[in-house]
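One chain, subunit A, links the two complexes that follow: it is found with subunit B in the first and with subunit C in the second.
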Partner chain A sequence: MSQLHLFHEQTARQRIAAVTDAGSFAELLPPPERLTSPYLAQLGIPVSFDDGVVIGHARIDGKKVYIAAQVGQFVGGAVGEIHGAKLTGLFKAAARDRVPCVVIIESGGVRLHEGSAGEIAIAETMRAIFECRARKVPTIAVIASDIGAYGGMGILSTCCDFRVMTEHGRLGISGPIVIEKWMGKKAYDSSNRALVWKTSGGKTKYLLGDADALVHDAAGAVREAIGKLLTKSSPVTLKNAKARQKELEKRLKRFGKTADPDDVWKGLGVRDIATASLASGPEFAALAKAGRK
Partner chain B sequence: MKQPSPRALLGKLFGGSAKGIAVEKSVLTGYAQAGGKDVCVIGTCNGTYIGNEAALVLAAHVIDCVERRPKTPIVMLVDSAGQEPNRVDEMLGLASYFGHLLNCLELARRKGHKLLTIATGKAVGGAFICYGMFADRIYALDSASVGLMPIEAMSAVTKIPVPVLQKLSKTMPSLEFGARPFALLGGVEEVWPSKDDLQARLAEAIATAAVDDNRAALGKKRGGRKLALDIRNRVLAESAK
Partner chain C sequence: MEKFTKAFPSKPLRVPKDRQWALAGVVGSGNLEVMFERAARASDTMECHVETSIPGFRDSWLAALADFARHYPVGGTKVTIHDQGAAPVLVNLRLRQAYDHLVKTKP
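Let's turn to the complex of A and B:
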């Protein structure tokens, strides 16, 4: 796969193929199995043979990984009963086999058409992720598309050891349109793309420390970032929990009163907002690092 | 159904020991007793919205319990309408604040604390996912509003007419809103009648809590969520080949 392909423009299966060793991906419960949502069928909505998520195993630099990619084109990558059960099963398999698990997230969260079944599925997948973490099996979320990781999938991504983002990726719970409806256009104009990305985009999440890597919008860069994290884990310990508590308290105290994301950027080392806005992900990371010195 | 005041409800669950639970900005933290034994309590009341600050208050109390009260069961009470749609909270990483709370609860679980949830009021969407649904065992009062969202809200977003959703919910409890349909999906272990002796119920629930996630199996057994367990098991079987 050429480096010229933009990762956010690729399909779920292309993304998996592009971040794993050539020909190594074996799909589990592939489309010929025809696992389709009975909820969508009842509602007369088109179904998909993979229910919007591709799962399987592959190799990265010769090392086995379990990997999933959500299909944003299908009901916004939203999680229904089957979709969620595939994710739960994958993380449970990863825990059992002590094989790292990567999830390429592209989802608005729970699939509303399936009601509470999708909600419970996300909660079950979270438990499975922590089964991996209890065994020091690395779990990595990749958030690299405009659809991003929202709702329950946003929360789920924060349960993984690490998050790899591109500047296109967005991470949050409530989306901009919902917030605009709630707070008014003055507080949040959802059509202001710069503001939307400065609120939830990869650059801001990386500055805050919620994304562990901010890479180019290219499969090769995403693959390299995943490769570096595959041998690491972020243990659940009292010491780590206390440090994180302090860090999040400090963040809220420092920036909780500001409405302007530029204040956050400046506070975290970005000196020239205009230049940083146009910078690529890695350039941005370098600028912020230099600014903090 | 009329909701009791937060204090009245705490009294019904913990008797006189409820005085050890602080209620501040509709967020609950403290220590009380159930079945004559100490428990740690975290939670929400008044159907409040929660954000970064509430998540930190709850997480701090879980950390306090892990540090100072080893193995004390943690009881989570849920009465929250969800996360307040708020741009500043989102900008500062609301998902990460919730993730931290879940991380602290996982730490407690591994250190031998039992985790119990009682949905007492609203247990909706994000507010339920960010702590209550992470318990070992989850219970709900029959008066609680449990689920993703009411049918009217689902209709507004999906543009599917209310009567269509209502008709489908008769055969698909996942679309119905409430404690009982949620229990049919396995999301709730048991629904408690509010007029029962809740202190006895709670003591029994703590005594019998187990850490395995039994929700998919329950959902299949009760017929409300027929696919989840089998799909998961197929992934497990085929990945082992």
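Let's turn to the complex of A and C:
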């Protein structure tokens, strides 16, 4: 796949083809199987052949991986029963076969039309992710599109060993519009794109340590980042959980009362906000690193 | 939601049989997904299944599909469409894209 394509503009199937070895992808439960949502059909809403997620196995630098990519344009990439079951099965297969699993996320969370079934499906997928982690099978979430990873998919992404993000990606639990509805426009203006991306976008998430890699918006860069993480895993231990808790407490103490996301950037090493805003993935990371010295 | 099925006469598909299906488009607002599959049945018709969220445009659909079957050799295929309000010109574009994916040896 040509490097001229921006990763966030590609379709789910193009993204998988672009980050894996040429011709190595074999789709599981492909469109001709017609595993579509029974709930949407009952409600008279058009269904999709793959229920909004493409799953299968492929190779990256010759190494076998299980891989999934969500289709953000189909009901916002939201997780219904079938969609979630496909993800659960993929991670279970990864744990069973001890093969790394990559999920390219583009989802607002659970599909409201099939809420309970979707919630349960996400919970089951998280369980399968922890099965992988217990066996030291690497699990990697890629968050690189404007839809990002919200709701249940935001939580699910943080259950994985690692997160690869681009500056387009966003990660959170409640989406901007939901926060605005609850807290008021004064507290959080969801139409302010700079504010939204500065609070939940890839750059900020990387500074805070929620994303493990911040890369250019190109399939080659995403692929390289995945390749580096395929041989690593982050064990789930009491010691690590406690250390993480300490980090989060420190973060809350330091930035909990901050109203301006620029203060967070400054606090984490960004000296020139304007330059950093224009810098892309790795350049931004380098600026922040230099600033911390 | 409106559903209908119809077969249209078309010249037989002339490509090697390694590719069994092809997909184009996505079920999003003003968009549609089109899947071509090789059908076991007659090689001189294109069998169409349409599901659309916008009822009342059956005649336009049938005209667009008949036109496509006349211009492209797609006999022996089954076309399934999930539509969420696409304009006719986009329907035609997706049909052509899916056909391209089906007949090209490399994606």
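In the analysis below, the second predicted complex is superposed on the first by the 293 of 293 C-alpha atoms of A that agree within 3 Å, B and C clash if a C-alpha of one lies under 4 Å from a C-alpha of the other, contacts with A are read in each partner's own complex, and residues count from 1 in each chain.
Please note the rule applied: a residue touches a chain if its C-beta (ideal position, glycine included) is under 8 Å from a C-beta of that chain, and two chains touch if they have at least 3 such contacts.
Model, not experiment: these values are computed from the prediction.
Q: Just subunit B (first), just subunit C (second), both, or neither: which does A:Leu214 touch?
A: A:Leu214: touches no partner chain.
Q: With both structures fitted on chain A, tell me whether subunit B or subunit C touches more of subunit A's residues.
A: Touched residues of subunit A are more numerous for B.
Q: Which partner does A:Ala123 contact after superposing on A: first (subunit B), second (subunit C), both, neither?
A: Only subunit B; A:Ala123 stays clear of subunit C.
Q: Looking at the overlay, what does A:His113 touch: subunit B (first), subunit C (second), both, or neither?
A: Touch status of A:His113: first partner only.
Q: Is A:Thr11 touching anything from subunit B or subunit C once the two structures are fitted on A? First, second, both or neither.
A: In the superposition, A:Thr11 contacts subunit C only.
Q: Is A:Ser157 in contact with subunit B, with subunit C, with both, or with neither (first, second, both, neither)?
A: first
Q: After superposition on the shared chain, which partner residues are touched by A:Val178: those of subunit B (first), subunit C (second), both, or neither?
A: Touch status of A:Val178: first partner only.
Q: Under the stated contact criterion, what part of subunit B meets subunit A in this complex?
A: 52-53, 56, 59-60, 63, 66-67, 83-88, 90-100, 102-104, 106-107, 110-111, 125-126, 128-130, 133-134, 146-149, 154, 157-158, 160, 164, 168-169, 172, 174-177, 181-182, 185-187, 213, 215-216, 219, 225, 227-229, 231-236, 238-240
Q: Provide the residue numbers of subunit C that touch subunit A in the complex, in ascending order.
A: 1, 20-21, 23, 26-28, 31, 33, 35, 37, 51-53, 80, 82-84, 107
Q: Which of the residues in subunit A come into contact with subunit B in the complex?
A: It is residues 28-29, 35, 38-39, 42-43, 55, 57, 66, 81-82, 84-86, 88-90, 92-93, 96-97, 110, 112-124, 126-128, 130, 133-134, 149, 151-152, 154-155, 157-159, 171-174, 178-179, 181-183, 187-188, 198-200, 204-205, 208, 210, 236-238, 241-242, 244-245, 248-249, 251-252, 255-256, 258-259, 261, 264 of subunit A that touch subunit B.
Q: For a test of understanding, state which residues of subunit A touch subunit C in their complex under the given definition.
A: Answer in residue numbers: 11, 13, 17, 30-32, 44-49, 71, 73-74.
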